[in-house]
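Two complexes are shown next, each including chain A; its partner changes from chain B in the first to chain C in the second.
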Partner chain A sequence: MKTIAVIFGGRSAEHDVSIVTALASIIKPLELTKKYRVEAVYIAKNGAWYWDDRLKDIALFASGKIRQLVDKTSPASIQFDGGLTLIKSGSGLTGRKQQLKIDIVFPAMHGTYGEDGALMGLLDMAGVAYVGCGVSAAAIAMDKVLAKQLASANNIPVSNFLAFSKTELTDQLSTAVKAITNGLEFPLFVKPSHLGSSIGISRVSNELELRNGLEVAVHYDSSVIVEEAVGNLIEVTLPIMGNDQPIPALLEQPMTLPDDFFDFQTKYMQGGKKGKGKASAKGAQGYSKIPADLPKDVYAQAEAVGIQVYKALGCSGISRVDMLIDSVTKQVFFNEVNPLPGGLYAHNWAQAGISGVNLVQQLIGYAEERHAARQALTTTFSTNYLQQF
Partner chain B sequence: MQNLTSLYNLKFPTVLVYMLQATEYQIGPYVAWVNRTHNFNSVIQRRTLDRTTAVRLLLWGIRLGIGLQVTSGLVLIYLGQWQHLTGGVYFGLAVIVAYPLIWTYAAVLPLLIGRQLIVVPREQRLVAESAKIFAAHRGAKIAIAGSYGKTTMKELLATVLAEGKKIAASPANKNVATSHAHYARKLAGDEDVLIVEYGEGAPGDVAHLARLTQPTHAIITGLAPAHLDKYKTLEAAGRDIFSVADNLPADRVYVNHQSPAVDPFVKPGWRLFDTRQALGWRVEKLQTGLDGTSFVLKKGTKKLPLRSGLVGRHQVSYLALAATLALHLGLSEKQVQAGIAKTKPFEHRMQPYSLSGAWIIDDTYNGNLEGIRAGTQLLKDLEAERKIYVTPGLVDQGEATERVHIEVGELIAAAQPDLVVLMQNSVTSFIQRGLSKGKFAGRVQVETVPLEFYTNLNHFVAAGDLVVMQNDWTDNYA
Partner chain C sequence: MNVIVNELVTQYSLTGDGKLIVLLHGWGDNARGLANLNAQLSKNYRVVALDLPGFGGTQSPPGVWDLDDYADFVHDFMTKLGLDQTFALIGHSNGGAIAIRGCALSLLKPAKLILLAASGIRTSHSPRRLFLVIVAKVGRIATVWLPGRYRQALRARLYGAVGSDLLVVEPLQATFKKIVRHDVQADAAGLALPTLLIYAENDQAVPVEAGRRYHELIKSSLFEIVKDAGHFVHLDQPAQVQQLIEEFLAT
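Let's turn to the complex of A and B:
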């Protein structure tokens, strides 16, 4: 039986979303397969790692008791030993140190230090198989500026945009605002470059709102992207999985008004509904149309753009591509890529005919396939370079 | 070791009371359950203890008794060790160690005493009063008996007849003399029709209910192996069920002729009905799907198109009888159409719902072979990319357990599902033998923790899946 470590939490604004993704959409279905030994590895907000079976219980987090567990438990450590081994100090009467070799890692991290390639780099160093995008794809996907530049270079349509560093916005805000008002047309979206889950995003319609939006975005990130809003907007998203031969799920259409968008509050706290609705167990997924209600040709075009983006960025395992459609011109624009969709977008895969249990197994399969392919590559070779010293 | 320590767990008294409650305070099933339980820590799975006043009293009574027994044991040990009481230590230890055994059986004493002194006399009085109420009632009294389909038939008939008559039907699936006594007390007396469901559990049950309610009409919904732990044979069950018709005119007895098991009991002149005809009306243009069932009743040149929300071809026999009997009792065709249109699936009885894009047919209240036949036929009839069949098997099959479950396996195999999920228990191997006999070529998955499967079903299914779930074993059968 292979041992899978599901890593979640982390030093990210999306720490809490990550917990739900890990516990509901990854650990539970993995355990239901009865094919794997599943280990929960939680990264606290301060960056300490914890490895404990009790971390599989959502009630621990919902009740706030996680703080007590973290206070009373020694953090776990990892060992690179031609693979990855988890180590934690012992508890109970014997107090023996526990260690466990991990066969496959299933990252369930959203946002910084997890979804952005940082964790993937660590796992590559360890030489362990892991689910999802590799370092470069994850890093590019989580950088909205780089992703758009790369998409443009591959002739994938994107809306007009400008990018600024934190220094540019703090030291020369007026110059930046002038560049934006001269180069782009309102309404605009102001976004932190590296954050997901719609955190820090503003939709602005004039210069005053633009200044406020930039101030908010720069509070979250070291760089900010400002892009033109697409008119007659239909927003769609497409979960995709696979390595060299990506498989799309179904195009999903969030049921927002044309000029509306999901901020974090709407997406996760109000069940995807605008207004003062109660939180829904379904989250954003509770308020979307699957498959998207689009003319056949537009649907096919959006699906093709999604796959094109997935390949262009070098994604593997799983990702979700967000796109914007002008319903009048029928033009599809690439918006952004999410290398680890919240909850794996299991609700969408289920509608596409892939159950939660099958989804995690397929993802494990892709991880092993990619790892095997990498292992087959030659990374060292013998020289007589050292003999000259 | 775990089994042994479970006897001394602090929750042991709660487990005993839970077992009593789950077996409806019937001493026989409770003792049988206790005797086959190894680990008392794993008894409570499906439900929690409903802490009624009686339960709380019982619980505290057992705890108090255990406390006294342990204290007595300690006193004996003390006397043996320090006051030189001969054998005090050993006897004291024995008293302490024996408390689970003693209180497992002592727990039923208050029930025995309470039942004999309070419950039984009160029930006898209520039942005697209700017999007078039924005897005096002027309305038509339709009795519904059978091994399966009783509640469905009763609800259908009540729904349709309510379009033109004042009716009163016995509530939910409450179908014993005591529940009928409560039902009788609530009757206004001016109802046109009473519909009374007859439960059967042991020889003589149906005959007793017939004497109590004095029916003017009887519907027998079918005969299949059920409650054979008490009836022993299907023939004995049939004799009891068909006794409902003993004192009725032949043309007021309606028998579902779907299962051949009824044949030996049918008498000349009785009205047979099935999915092809009822009371002289032919069933035509039958169509069934997940959204319901439609058909046309035809008699001579008359045509009556009907549509119901019920799912499954087998439901048509009940629907056809409900419609034609309603016509016979004076309802107009329009009223019958409106009534049938209002019929919809009952909870956990061939109830379709969507989950994670899949279609689930929840028939977990089903508990007999004919129901399995209907469910597997439905699975065969409906289109799906992947078909899944889920069951733990049937309970109370007595000596027929092995034969019935081999047949269950064959029926499943004939429906050709892609995946069969069986809940691990004493009948699993019989179903597997039936699957082999039926040359089943799909995958079989045996679940050791049924509750985990049921509560996480959403993780197992996806769009394109059709899942038929039949029967569910409660803790006392596991």
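Let's turn to the complex of A and C:
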């Protein structure tokens, strides 16, 4: 029986969302398969790692008792021994040190230090198989500027945008504002380049709002993107899985008000209560239409853009591509990629005919496939280099 | 939406068109607590609602704040957004106390003021206040022998059980203590603007007597008591509160 470590929590604004993804959409279905030994590894907000079976219980987090567990338990450590081994000191008087070799890691992290390639780098160093995107795809996906530049370079349509560093916005704000007002048309979105979950995003319609929005964005990030809002907007998102031959789920249309966009509260804290779709499903983003209500040609175009983006960024395992559609001109624009969709977007996959249990098993399969392919690459070989000295 | 005000990330919403209405929520609450009212009012007015520092999506104050700091902050927030000429200021509970103080200091200059179960009358001899002081002192002594984390948890439960807001937002304990010591009756007495006072019949936190007192102090005030409602009067009897507010704004 293979051992899978599900890693969640982390030093991220989306810490709490990660807990729900891990417990509800990953650990539970993995255990239902009865094919794997599943270990819960929780990274607290201060960055300490904990490995404990009690961490599989959502009530521990919901009740706030997690704080007591963290207070009383020694953090776990990991050992790089040609693979990855979890280690923790024993509990009680006779407690012995425990250790366990991990076969596959299932990262369930959202946002910084997890979804952005940081954790993937650590897992690559350990040489262990893991689910989802690798370092470069994750890092590019979580950088809105890089992702848009890369999409543009691959002739994938994106709305007009400008990117600025924090220094440019603090030292030469007026120059930046001038460049924006000359080069782009209001309304605009101002976004920190690296954060997910709508944190720090402003929709601005005039120069005062623009200046305020830029100030908010640099409060969160060292790089900021300013982009034109798409008119007659239909937002869609497409979960995709696979390695070389990506499989799309169904195009999903979150039900937002015309002039609104999800902020953190609406997206995650409220459970979403906007709109009433016919075939509505309650996911991480609240109610949405699955499949999106689009003319056939537009649906096909959006699906194609999604797959194109997935390939261009070099995604593997699973990702979700967000797109913006102008319903009048029927243009589809790439917006952003989420390397680990909240709750794996299991609600969408379920409607596409793939159950939560099948989903996690397929993702484990892709992780093993990619790991095997990487192992087959030549990275070391014998030389006589040292003998010269 | 967010805006940086005095270096604090501040979450707010700005909806609707028309004359400007500002909403201030109470202690332990946030702008969403007034969402129903906001949605109704923004059909005919431009409504701005912010999460006050330490609540909802707004960062906590950098130190111990008092009512003046909160009133200052609301003023600076409005300036930052370029919002002037406030038609009406609506404050619930502690938001009402901030509104009174802000008007008295001329930091906030609405044409009309609406106070929903507003606090700010700190009669130190009221039986309830005396009771809470005793509970706090007994609670502190009775739990002193416990390790820190258990002591804090037990005190939170004790205070919650007797209806004290002290530990509702733990990091703001010192700020809370400072605020509940600040009586705004003298400020209220100086107010000359049309004011609507809405208090709830069954409010345990801020009883009807507080409204009656404000009614005596504020010359041009109307006083309404809503039946079958508690401290969150706008949630308990939304239609009635809505109607009272709209009539007051229309006159």
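Operating definition for what follows: the second predicted complex is superposed on the first by the 375 of 389 C-alpha atoms of A that agree within 3 Å, B and C clash if a C-alpha of one lies under 4 Å from a C-alpha of the other, contacts with A are read in each partner's own complex, and residues count from 1 in each chain.
The rule is short, and it goes like this: a residue touches a chain if its C-beta (ideal position, glycine included) is under 8 Å from a C-beta of that chain, and two chains touch if they have at least 3 such contacts.
Only a predicted model underlies this, so the values are computations on that prediction, with no experimental measurement involved.
Undergrad: If we overlay the two complexes on their shared chain A, which of chain B and chain C does A:K101 touch? Say first, second, both or neither.
TA: neither
Undergrad: Looking at A:R374, would you say it contacts chain B, chain C, both, or neither? Reply first, second, both or neither.
TA: A:R374 sits against neither chain B nor chain C.
Undergrad: Once the shared chain is lined up, is A:K2 touching chain B (first), chain C (second), both, or neither of them?
TA: neither
Undergrad: Return first, second, both or neither, reflecting whether A:Q68 touches chain B, chain C, both chains, or no partner chain.
TA: second
Undergrad: First (chain B), second (chain C), both or neither: which does A:N212 touch?
TA: In the superposition, A:N212 contacts chain C only.
Undergrad: Once chain A of both complexes is superposed, is A:K178 in touch with chain B (first), chain C (second), both, or neither?
TA: Touch partners of A:K178: none, neither chain B nor chain C.
Undergrad: Find the residues of chain A that appear in the contact set with chain B and again in the contact set with chain C.
TA: Correct list for chain A: none, the interfaces share no residue.
Undergrad: So in the complex, which bits of chain A are touching chain C?
TA: Per the touch definition, chain A meets chain C at residues 67-68, 71, 200, 202-203, 208, 212, 215-216, 219, 263-265.
Undergrad: Write out the stretch or stretches of chain B touching chain A in their complex.
TA: Where chain B meets chain A, its residues are 356-358, 385, 452, 456, 458-465.
Undergrad: Taking the touch rule as given, give the residues of chain A at its contact with chain B in the complex, in rising order.
TA: Within the complex, chain A contacts chain B at residues 28-29, 32, 347, 349-358.
Undergrad: Give the list of chain C residues in touch with chain A in this complex.
TA: Touch list, chain C to chain A: 1-4, 9, 11, 32, 56-57, 80-82, 149.
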